[in-house]
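Following are the structures in question.
In the two complexes below, chain A is the common chain; its partner is chain B in one and chain C in the other.
After this line comes the complex of A and B, so read on.
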């Protein structure tokens, strides 16, 4: 039993899921769900579809080249069973995944590094430019606070009386 | 064999019929339509074809007749003579000859007329030529019609001749009329020949078949022969004479010793002597019939003497063949067909004699030697005493021995299965022959999947090394990251600023939404801006609210706006009128009490919908009466259309009142009870 990768979105296909399509030139396309299958039938390029791994790797959103990826490679020659080797492999897999996850997180962090400062700058600018939507500049001069104090809307007594008369 | 073909001769048509058949066939099988406007070659071809076709058909038919009738010289002399006796050879040949000449004449006619047709210059001339040709051919046939009739008669008679095979074993029965020949043949064969007291009951040859020693014999019954000179014999007697003459058969000469046939023994003996020349080289048996009436021993002296003479003659024939001498039973037999006494003995004797003769002849002929020399098996002769067995190499023998031993030693899986309980109970351990570094690992179950990865992809003998490298690398990297892993925690917005920011963003999104609505097409929005504010967007209260939301004091602005508004003007006038008097209490613009109150008030505590007859300021009606009329007109214009169930103004015409697809046709499923 093997876990395959979806051709379109590169997610793992567990047994009992998805569809395999065999083309006339004997190339096999595996899909994890009908979403990927339908996109494939529409002849969409996964490199252009934002949510696929192919796009993310291509556009540098995800980590591409790493030593941890070299451990997991499809080998076509079966190895003779060795209990010790199997044990070590199992333990190693755990460590490798840990390392990989950490590295991916770091990659992400690196990508998002300047975001805070940028956001801050934008916010400051916006505040400066568009404060007139919240508070009139005239008032601003008098009272340098940014927001208005919360106050109730005054309704004049006279008007309310008249209205009451109409409501009758 | 020719004897059977007599039955297969096709019917000879008589002259008239033949003409009719051929002419009607010509009419049918050749093209019939021709016009005088056709090209001359076409006309000629048309008529030539007819003439040739007729000639060909006549030729075929007549050739058929000629070929199928047997040529008397080519068939067995027995048949030849028989046919001659019956039909007269000369007449027969003449008839066939006439048919032949007719055939040739017709060919000549056709040839001549075709030659003439080649030069026919008009339709009429060609046609006349064709008519002449066909006419002449038909005349020829008419002339030979008596021959055709004669041939037809012969054919019918020939078909009824008995099928006698001249070459097989035959027994011939002859004698005076009424001696008991037909009775005898009735006894020994299944033939059913007429037996009557009068002479010449049998008028032609009859054939029966009998068996003896698993062989089939033909028995031929002949009509009686009278003692007359050869020239005086009639046709019937001639038949028997022919048979006697040509068939190589055993002859049974019947003798009526009682004399009840009407002829004495002397007469019969005389007959015997007159035809004894025909008995040359044939086994002859003299049969004394009707012994129930007169036994042989009771004969008178003279009769006995005559009989002995005949016997002597018969013995001569026996001697001539080299048979047993002085065998009384061989040549002279007595029987009585009525009593059925001695019939079988006669038959057996005759068959035996015939068989012996035939075998002897065969043995003397050359053919027999050919059969014996057909096969020969050759065996090699051994040249010395040495034994020579087949040769097998030593290695092969050893291998065979080893295989045999192995087969006995090894236990098959099937045997194991059967020992441990059979197919359903025992499941073979497929892993027991695995070749591993450590035999303890044979029964290990190895997992294939871990956390969404295939373990088989990771298996590598060097995995430990690589893992170590990885960990080293990781350590280094971590050290590096420690150094520059500080995030500028710098400026942050205050709570107030954040609040302001959220409000700004809210307002912005609202503006954007409104703009998007406003940005719609002209279909949903009038392009000409309204002069009158129907939705009451631009009221002073609204302005006041918005200004206060921004933090400004709106009172001054409201005052100013109100001082400039139109309604204000109206109010001013009202005041001046009020000075004059209260005559005109009613405002021109606001006839209704409700409206007046409405325009007077600055703000409304409740919103109300307008009644349909009230004119809103932006609508363009003079007064409510006009509006009411307009509404009425509008409704009236639509009423008729709605009643007709029409979509709109453009829905004017029904192109077809009864469209075919709605009123005709069967339904693929369901009923058509209504349309």
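After this line comes the complex of A and C, so read on.
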């Protein structure tokens, strides 16, 4: 049993899932689900389809070159089984995935770095320029602040009775 | 010293086994008869390993090897690869190659010094063969057939090729491979030599349909009789006389 990668979206294909297509030149295409398979049949290029890993890597959304990726290669010349080596390999796998996740988080943080400041600046500008979409012009003449001030309304008894009648 | 046997009633012994000077691979059959005959002959000298390749039993046609290495197709699973690596001696390099023509046993025929390959094999595969098996590689056809691995079988001491090979071809191949070659058949006239028999420097295994004449030809071209000069009388009797009735 081997966990393969989907040709289209690069996600792992677990046993019992997906379809394998073997072309006449003996190249094997594995797909994780019918979504990827149908996209392939439509001859879509995964590098142009936004939600695939290929697109994300190509457009710098995800980490591309990192040492942690070097560990996950297909090896064609095996070594004799050694229990100690197997044990250390299992421990290493855990550590490597942890490191990779941390690095990807860092990459994401770096990519999103100026976002908060930028968002704030844009919000302020929008408030200055487009507030007329939200408030009526009359309000600006009454009160220079942008928030509605708390006004004390003097309610007389007569008015309240009238209001009650209207409510009914 | 050639032995006649069957794999589950099939005489195509070369399909279900791979014999070299350093190891022997055998397919997993329903009964242990096939395996035990190999064990009888070879147990002390070389390891006899039961295996499958890509979940199939046709291992002789899928892999190619000699005493230096073993080449496996890309269909070999990781578990099979690991099993072979654990079972074979360390001098044998076990390598899986990515090649469009995945039936390596049909495309590559080799001994410990020279290999004949399918003319359409990739350049990288050819380099891999030269590197892993430690041989000189020649792209050739045998009697007009591109599947050289099936239509000829040779060891370090001799070789048997497709019966329709012309004499010029035979001479040319003989000079390339530096071994004496003979055009003959196996398994009562079957032209697919390598599928019907498997051979190394001191033994050969043929299908039980092989006639006495074919067997004597095999024993003479591969020089198997010289291995045990004391048993020569008994062996020749066995190969010359099919049955006493």
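FYI, the second predicted complex is superposed on the first by the 141 of 168 C-alpha atoms of A that agree within 3 Å, B and C clash if a C-alpha of one lies under 4 Å from a C-alpha of the other, contacts with A are read in each partner's own complex, and residues count from 1 in each chain.
Criterion: contacts are C-beta pairs under 8 Å (C-beta built on N, C-alpha and C of every residue); 3 or more make two chains touch, one makes a residue touch a chain.
Since the model is a prediction, treat every value here as computed from it, not as a measurement.
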Contacts of A:83 with chain B and chain C, given as first, second, both or neither: first
Touching partner for A:2 - first (chain B), second (chain C), both, neither: both
Partner chain in contact with A:97 - chain B first, chain C second, else both or neither: first
Touching partner for A:115 - first (chain B), second (chain C), both, neither: neither
Contacts of A:23 with chain B and chain C, given as first, second, both or neither: neither
Partner chain(s) touched by A:50 [first = chain B, second = chain C, both, neither]: neither
Contacts of A:126 with chain B and chain C, given as first, second, both or neither: first
Most chain A residues touched (candidates chain B, chain C): B
Shared chain A surface residues [contacts with chain B and with chain C]: 1-2, 78-81
In the complex, chain A residues that touch chain B: 1-3, 12, 67-68, 70-75, 78-83, 85-86, 88-90, 92-93, 95-97, 99, 102, 106, 113, 116-117, 120, 123-124, 126-127, 130-131, 133-136, 138-139, 143, 145-148, 153, 159-160, 162-164, 166-167
Chain A contact footprint on chain C (complex, rising order): 77-78, 81-82, 85-86, 90, 93-98, 100, 102
Residues of chain A touching chain C in the complex: 1-2, 25-26, 76-81
Complex contact set, residues of chain B against chain A: 434-438, 440-441, 444, 446-461, 463-464, 466-467, 469-471, 473-474, 481, 487-488, 490-493, 496-497, 499-501, 503-505, 507-508, 511, 545, 547-552, 597, 601-606
